[in-house]
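Both of the next two complexes hold chain A, though its partner changes from chain B to chain C.
For the complex of A and B:
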């Protein structure tokens, strides 16, 4: 177990460097010239004097060989210096932090809602498998997975903001602004969590400890809600963690539609403006965060569930 | 799983496949289903409600909405098909080979897969599509970059399970070369589950592609495209909701049909899911 942990954790820095490499070279591969990007962010001049370009390059150190630039960027990243936005000249770290705070709130609320709604649904479905409620939940989970969130967002805005006027259609200035985005984002997780809970509860009902509890005289319903659920929550919690990792960057379309100043919107605007420092630092940050969360979630799952074998079975 | 459940899954899978084929047929046979040109603007006919002449009405530029929907599926469906196929082939190969080879190679590959699976696919797709001008190839790349990983995991899981079987050991012992073992003994076990996974990823990929084209990174105007149609309709949706209902509904219906088919196939092939990442 300890060996596994050490191996996985040891890999992390290697992975993060690898990710940084990809992210660093992506714009170069795309043919984006950072010098031009900087210039275009400040000045409408589209045909700059080559001398000016050379001067900018020299001043910013952009004329050094690429591997050197990569290493120096990496070193600054490790120190916490994420650079400055081409567009606003503000430190990238601050922009990312503010964005992350907003997105974390959005995603946190959404996942909390999802768990509160989905887990009971899953348990109920597991109590009477094959009956109409279970089938209803099964269909619901299929539907939830296939729903386009941007469509739901538009429909919600159409109904609650435009037709009924109950909720504001965009912005992030209070609880009323949070209702629709959270609902929109919650569809998919609810669908997945309900299904996973159901499967986990059914699995837990097969355990000996469950039968023991029943033998002690507890009713079926109570045993399920108290005992099976406790065991079922392990994989579900892991699933929630994985979703957290995915949603921190994956909420981008919802943030764009509702005008929420989260990290997704920050990156979206950065991409549109070719704001390289922001794009690169943002991507590396988000991906690293996702990788770390995923690794921890996987390790937790294995730790709590030693029956899982992660390596090639021995003959 | 109870018999009843098995049969009802079978039915939903077939229904899903059926709906999907209908949608594909509509997009492919579009010229035969409607005589309207999806990019032909007739401004005086703008915003007409559904009628015998225009089955779904017209959009803001007087273009027939049904024609836009029918032709508008070609781009997203084609991209998704290519992207998922490439992901499936690449991912399955990597997964199967890694599952056979084992050792350090497997370890490194799994860690790499962990990274790629953690990428928020929409965000990565967004960055790629925006940096490398929108186009067919760019969008395929945007999807494939993250989409190959579930296939790799699946292929590896299945391969690991097959590794324990006696005939594989026998083949190795006799000295059969790895590519031969893979082709003769492993491959046919992979086809079913990979196909099932392919359907599921198709649904996910379609939603991502339509989302990217909602953001303007898909087919460029005036070409019709389901996602872009949603964005175009947004300013007018209060007065003419059908402009937003129709494209969204078809995206949803297509994604749902493919997911139903995929899940049904998954159960049919009893594919290993291995943990909460299924």
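For the complex of A and C:
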């Protein structure tokens, strides 16, 4: 297990350097001039004063050759200095932290809801595979995966905010504001988690330990809910971790529609404003976070799964 | 059982009526604002952030563009140009900052020095726009300009130059607008998605009607529009065209259409044939049915254009322009006169997709040109300013704002229509226009200047037919019928004013 950990963590810096290369050079390859980007981020002046442009370049060291700028950016990143936003001139780290706090709440609630709803659904589907309840859940899962978020979001707003007036349309100012965004985001994970649970439970029902438990006299239902489920939770834990990593950046559509000041909206606005330091640091940060979470998920899977743990040769 | 129920209802009624009687009904108004104009925790006055401060009635500049598009005194009572490069601004008496600090010449100088020292200057300012500031006593400020500048009062009507109390400005940090403005509302709280403001009881401009204002930042236009219908917002700014039919059917909501200083025009590259011939240019003008474009493609939301300026810009609009009413027969006649048979004139019609209305308008134009025998090959791709300026196009359908830098069209006219203009896409050069522009920069009185602009409009539109001005853009605001005294501002400077009110 230690060997796995070391291998995974050794790979991380290599990945990050590669990612930062991509994130740094892509805007420049697309023809974005950082000096104009700074100017346009604050003042959409079509014809900037050349004197102002020169002054900005000199002040921010943008007149140095590109490889030098990349290395100095990388060095500052390694030290934890994520730079200053072109738009607000505030430290990027603070902006990302605040956005992440909001998104983490949103995503956390969403995944909690997904687990609470999907796991029982998956178990119920597994109890009588092929029967009408199972088919219903199957169709529900397909729909949940296929329907676009922006459609669900607007539909929920139309129904609960406009027609019924039960919930507020947009914002993040209390528990009532969280209901619809969390619901919107939860559709897909519920669908996937339910299906994964179902498959895992069916798999567990084939195992010897399952038949042994039945032989001891436990009812089928109780055996499924107590024994099979325990095994089925292992892949679900892994899925939750993977989805967590993906949703931290992937909740942007919901954040824009509901006006939630999470990290998705922060980066969306940054891209619209060509706020390069925020875009670069934000992307590197999100990707690193995703890699770390995935690594932890893998480790958790290994730790929890007795088959892998016990199959390793003992000294 | 029934007795207990009656008692419960009685108790609840008593509690609710006590609760509502205990708090006097506060007049509270909520605005749902779009976040293309992005706010931040740090208030960079030189950026578009400042529209949140001026829009909410916190921060005010020396000179004001009023709701009719005229330049009027604001924190400065009057101003005069004492010599070519010197202006004197007399400050209004009776103004006090919301934190109690005195409003005087020194405070104005501190504020203006801040905006002069930021690394990215606001629109309409270069490092030599203002070279020095000094106080003439407590109530007047002397401003020296780098070059003779008739537009200094217009530049100081830009909300980027609004004045905050001296204690708001700290070295090395962005200014703090909390309780440091002069306007009708005091900023109390700012969160990531909203601002909370309260009435300024000592406002110099008179009684403020509203007690509290909530300024919500909602990125999605459809959601903003919906909030007026649910009652979550009383005013929703910048709503998408698609929402207009829905809102107009709602009897509790009013949709306000405000002409924006932005015009869609077909720019012709005059340096290339056949556009070198004015008859061809005029033929193209006559071939296009602008009324039909506005009625069908824009669903009536917009106004057909004659020249570049809109009817709300009464100060400098030349309302006597003849223009080119839709007349395909005349177009065909002009082409024949110029020696072109149907199908002879062929060119590329370029436009870009980032403004959704442009490609459909271009298609309509293509069809209308075909009807008079002109073949236009439509190309839709992202706009590359540099390519366009280098003349790598034949015709270009462009949406152009003309009051972006300063509240005066001189910047636009110089950039787009003077021989060496920095945005002269048409490659147009008429020495008369350059001469008139030079005169306007020397003119002391605004009226003189505006008359010169009217002459320029006449040349550009009626004589030289340089650009086909198709339609003026419209901004859309929706508000509940409970809102009183709301007027959209021509440059989106002010939304919440002292006069704004709401019925209970």
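Just so it is clear, the second predicted complex is superposed on the first by the 289 of 315 C-alpha atoms of A that agree within 3 Å, B and C clash if a C-alpha of one lies under 4 Å from a C-alpha of the other, contacts with A are read in each partner's own complex, and residues count from 1 in each chain.
Here is the rule we use: a contact is a pair of C-beta atoms (placed from the backbone, for glycine too) under 8 Å apart; a residue touches a chain by one contact, two chains touch by 3 or more.
Everything numeric here is computed off the predicted structure, so don't read it as measured data.
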Using the touch definition from the top, say if A:168 reaches chain B (first), chain C (second), both or neither.
second
Pick one for A:38: touches chain B only (first), chain C only (second), both, or neither.
second
Per the contact definition in the header, classify A:98: touching chain B only (first), chain C only (second), both, or neither.
second
In the overlay, answer first, second, both or neither for which of chain B and chain C A:75 touches.
neither
Look at A:154 in the shared chain and tell me whether it touches chain B only, chain C only, both, or neither; answer first, second, both or neither.
both
Once the structures are superposed on A, label A:279 by its partner contacts, choosing first (chain B), second (chain C), both or neither.
first
Classify the contacts of A:256 with the two partner chains as first (chain B alone), second (chain C alone), both, or neither.
both
So in the superposed three-chain picture, is A:54 touching just chain B, just chain C, both, or none of them (first/second/both/neither)?
neither
By residue count, which of the two partners contacts chain A more extensively, chain B or chain C?
B
Which positions of chain A sit in both the chain B and the chain C interface?
154, 158, 162, 256, 272
Touching residues on chain C, where the partner in the complex is chain A
32, 35-36, 38, 40-42, 44, 46-49, 119-123, 126-127, 174, 191-194, 216-220, 222-224, 226-227, 229-232, 385, 404-405, 415, 422-423
Over in the complex, which chain B residues touch chain A? Could you list them?
2, 4-5, 8, 12, 102-103, 106-107, 111-112, 114-115, 117-124, 126-128, 130-132, 160, 163-164, 169, 203, 207, 210-211, 214-215, 227, 230, 234, 237-238, 241, 244-245, 248, 251-252, 255-256, 258-260, 263, 275-277
Interface with chain C, chain A side, in the complex: residues 38-39, 41-47, 49, 51-52, 55-56, 59, 85, 87-90, 98, 102, 154, 157-158, 161-162, 165, 168-173, 256-261, 265, 269, 272-273
Of all residues in chain A, those that touch chain B in their complex
7-8, 11, 14-15, 18-19, 26-27, 29-32, 129-130, 135, 139, 142-143, 145-151, 154-155, 158, 162-163, 196, 235-236, 238-239, 242, 245-250, 252-253, 256, 264, 267-268, 271-272, 274, 279, 283, 286-287, 290-291, 293-295, 298, 301, 308, 312-313, 315
